[in-house]
Amino acid sequence: MSSADDAPGLMVTEAPAETGAPEIGPPSPRHGEIVDALAAELGDGFLAHHYSAHDAWVRVAPTSWRQAGRICQEKLGLNYFCFIAGLDWQLAPDLGAEKRWDPDAEATEDPGDGPGNWSTGVAGGDTRFGVFARLYDVIRHVGLTLKTDAGDSAPRAESWVPLFRGADWHEREAWEMYGIEFDGHPGLRHLYLPGEFEGFPLRKDFPLLAREVKPWPGLVNVEGLPGEEGDEGEEAAES
Amino acid sequence: MSVTEQQKIAYVSAQAADARINFELETEGMTLSIGPQHPATHGTLRVLVRLDGEQVVWADPIPGYMHRGYEKLCEVRDYAQVTTLINRIDWLGSFANEVPFILAAEELMGIEAPPRAQYIRTVLFEMARIANLTLFLGDMGVQLGAITPVFYAFRDREYVLNLIEGATGGRFHPNFDRIGGLKDDLPKGWIDETKVVMRRIRRFCDEIDDLLVGNRIFENRCRGIGVIPRDIALEYGLSGANARASGIDFDIRRDEDSPLAWKHADWKVWTHPDGDSFARFWLRQQEVRESTKIVEQLLDGLPAGPIRAKTPARIRVPKGEVWMHTENPLGEMGYYVVSDGSPGGPFRCKIRTPSFSNVSIVPWLLRGVLVPDVITILASLYFILGDIDR
Amino acid sequence: MLVAGTFLGIHAAYWNETVLKVVLILSLALAVAGAFVQVYLFKMVSHLQSRLGPMESGPHGSLQLMAEVLKFLQKEDTRPAKADRWVFGAAPFLVIMSTMLIYVVIPIGPRGVVANLDVGVLYALAVSSISVIAVLMAGWASANKYSLIGGLRAAGQLIAYELPLVLAVVGVVMQAGSLNLQQIVASQAHFKIFGVGGVGLFAIPQFAGLLIFVISSQAELTQTPFDMPVAESELVAGWMTEYTGFRFLIFFIGEFATAGGLAALAAILFLGGWWLPGMGAHWGQLAWAREGVGLAVMFAKVMLVGFLIFWVRFSFPRFREDQLQAFAWKFLIPLSLADILITGIAKVAVRA
């Protein structure tokens, strides 16, 4: 499952359940019912799940993405469409691992922590790009976050437009920001960006224009907080 | 060629491509571009409509004239800087933008703000709602031709903005919420002044009753215009007053167990079965009244105590993901924050804004309506450009 | 040309008199337009909206009108590149021409009328409808889709509301027995209601006519609630969108001068014009004072009707185009026809 060779800086670990962290139960019985029903319906397509104190996540295989949406909408009452968005798990090269990570920080137990090692979030993930969506049940007041993998270099996912008409704009935005092609979308075209924009801005390797113009100064020791020592600086405010 | 050169060329050629649309000689129907500079579209939204006489054949909203790249910016800012940034998403509902993000960070860090901070947060949140929706009440009149109620709206809204400024230092962008509580406590005398202003806002709502809601012309312009059925609203993710006007009983303040103090006040969630523009207007008027009641009740029961919990000097949010949403003045606003445990900012911050979903329904909604109704519908959906474009 | 004496009692050679009359019409139209703009558009709307309005130019902002006029006069004369040059330029002047022609028949005193036509009412309403063509010219020639929509809406609306405007007047004409405006004022002076003289305003028996006339003139002026053609939140400024500077000033003056003209017509037809009780008798040596009092009374009545027009303008939202047309065709016209019917029946019955 590891695809570390085609995505430098990305190491994949399994879902948190295998790292020894204690697994929390569902925050409410309804959450548990929803996750169990999805697992039962999708079978092999149901890859992982995760609970927090208030919320539930489910990761499905890319081939079951639309089916998962349909099950949620038609059978589980999750018919309020909140959003669909994309995710890029790679670290940003221009920010640099050495600039983002505090080299003096103590290493933690989680092997997924630290420069160059990054796990793909709760409920795991296999590829660099992911698509995640949120659905909600307005009657029973429970929500579910669904995730899937989209791929490493030419990300694709199934389109939810046949299920939720509102997915149209959300998928257009995910396409123009990440380059994720949605199969079955009526017409992927730019939403925010001007007509012939090249590149996918929210990808981590797309440089932030302001940083091109003026390089990021990095961590600058300005002044310690009252009570702190002088050389333990804060990050400078963005000018 | 560097990225900036590429972008410059792409921008110029896109402008030329857009200009070509306007010069085409069309014999079937007329393509009219409402916006991006237009009195009716609260900002730089462009709605391209094709008209057959005065009837719309198809409509295509083109957002993005105000796209500021918030999600990219949030990845390179730390949590305090992001708070300053996100104030400006829905610039009328000032304080309400900060709250879900700060709550998300607090949940990841496992910090609970003290009760006094939660109460005051809720009070400021509701005052942001009042400031936002009173402008809507006047603005809907202006879109329909009644140029006087908007002045009353601005006059009474000034009092609310002065109060917000007195408490936080900023009228529109307070930047007052901090992880663990608030920046400062309330000034002396603020509570009494607020109660007076809340009564004034309720009087303003009564004025709107006389001037607009009870006006026959207004009713004729709004009833039955832009009807959104319940299931379509759910599919598009309509939230806030737009959803409640279509009969969906959905209010996050009541439905979810939020750390904020809404459960300590006695208030009502209004819905309307019609789903037309009149329902959306009427509903927001009732919401303003309810907000004033919430503010008064919470200020009466304000607990004493610290205003901010103990937080480390340098914020370092542990690794994790969280989804936090609140019932903002415009609808459901939520932040999906992915933290990688580094001392910087979020790894990914997906901002779910209500106006984005509210405006995505416009192509479906505007088929077959007349040009004046386009204005009515856009006014009643009530979007803020910063909210659509982020 | 000269009826029953001379114009304002002034004897002058023919061409002197013509010049005098032309100057009078111009100044009258501009004075009325200016009074409407300064009092109602600057100050009344501001006070209605709980604000002060222009306060800088002159004491309490009273010279704002002067400032506005000077501002418009010194602006650059631009024209859209694709606009039809001559049509674009001619449209404002056609509007102001039709407005000035109304003022030709309006009596401002016992002997103060430029041309006392026997078909005064018919003439006034006829020339006021020349502006429909001008509006269409402006809308088409601007080469702007918003102007085109505004112009077409205006054409439909103005034509639709001509009918109630004319029909509302028919009742008055039947009661007065003449189309001559001075004659109508005179007949109101002699009008007796149930034997009581001195309250003879046609507004009392013809209240429906007054209502229809004022509503229709609101629509003829494309003022809210009938300002779909100029819907500021949709069409920016309707057919006037592409006009700036001096051309816009002409449109602006034309709009308010027409408002004054229609208000003057309403005052004459329904409120008694320059006449007040006590002005019927000869004043002998003070004949000139009679003219002055007549002028003042007329001015007051015009301002009264104008107040009504502008008060409604600033208070109500606007009708949609089809609601507007339905209102004219399905409500105002049948009402005015009924009014004519009742007036006719009553006239015959009372005489008998």
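A few notes on this one:
Each chain carries a letter (A, B and C) given by its place in the written order, and its residues are counted from 1.
Operating definition for what follows: a contact is a pair of C-beta atoms (placed from the backbone, for glycine too) under 8 Å apart; a residue touches a chain by one contact, two chains touch by 3 or more.
The model shown is predicted, which means the values in this text are computed figures rather than measured ones.
Note: the chain lying farthest from chain C is A, by mean C-alpha position. Should one ask which of B-C and A-B has more C-beta pairs in contact, the pair is A-B.
If you average the CA atoms of chain A and of chain C, the two centres end up 67 Å from each other. Chain B and chain C have Cα centroids lying 45 Å from one another. If you average the CA atoms of chain A and of chain B, the two centres end up 25 Å from each other. Only residues 52-55, 57, 79-83, 85, 87-88, 92, 95, 100-102, 105, 108, 110, 112-113, 118, 121-122, 132, 134, 138, 141, 143, 145, 164-166, 168-170, 177, 190-199, 201-202, 206-209, 211-213, 216, 225, 228, 234-235, 237-238 of chain A touch chain B when the two sit together in their complex.
Chain contact summary for the complex, chain B toward chain C: residues 30, 32, 38-40, 54, 141-148, 151-152, 155, 211-212, 215, 217-218, 220-221, 370-375.
Taken together, the chain C residues at the contact with chain B in this complex read 45, 48-51, 145-146, 149, 224-225, 227-228, 231-234, 236, 314-323. Looking at the complex, you find that chain B touches chain A at residues 2-4, 6-7, 10-11, 13-15, 17-18, 63-64, 67, 69, 71-73, 75-78, 81, 107, 231-232, 234-237, 243, 248-250, 255-257, 313-314, 319-323, 325, 332, 334, 336, 338, 340-344, 348, 350, 352, 356-357, 360-361, 364, 389.
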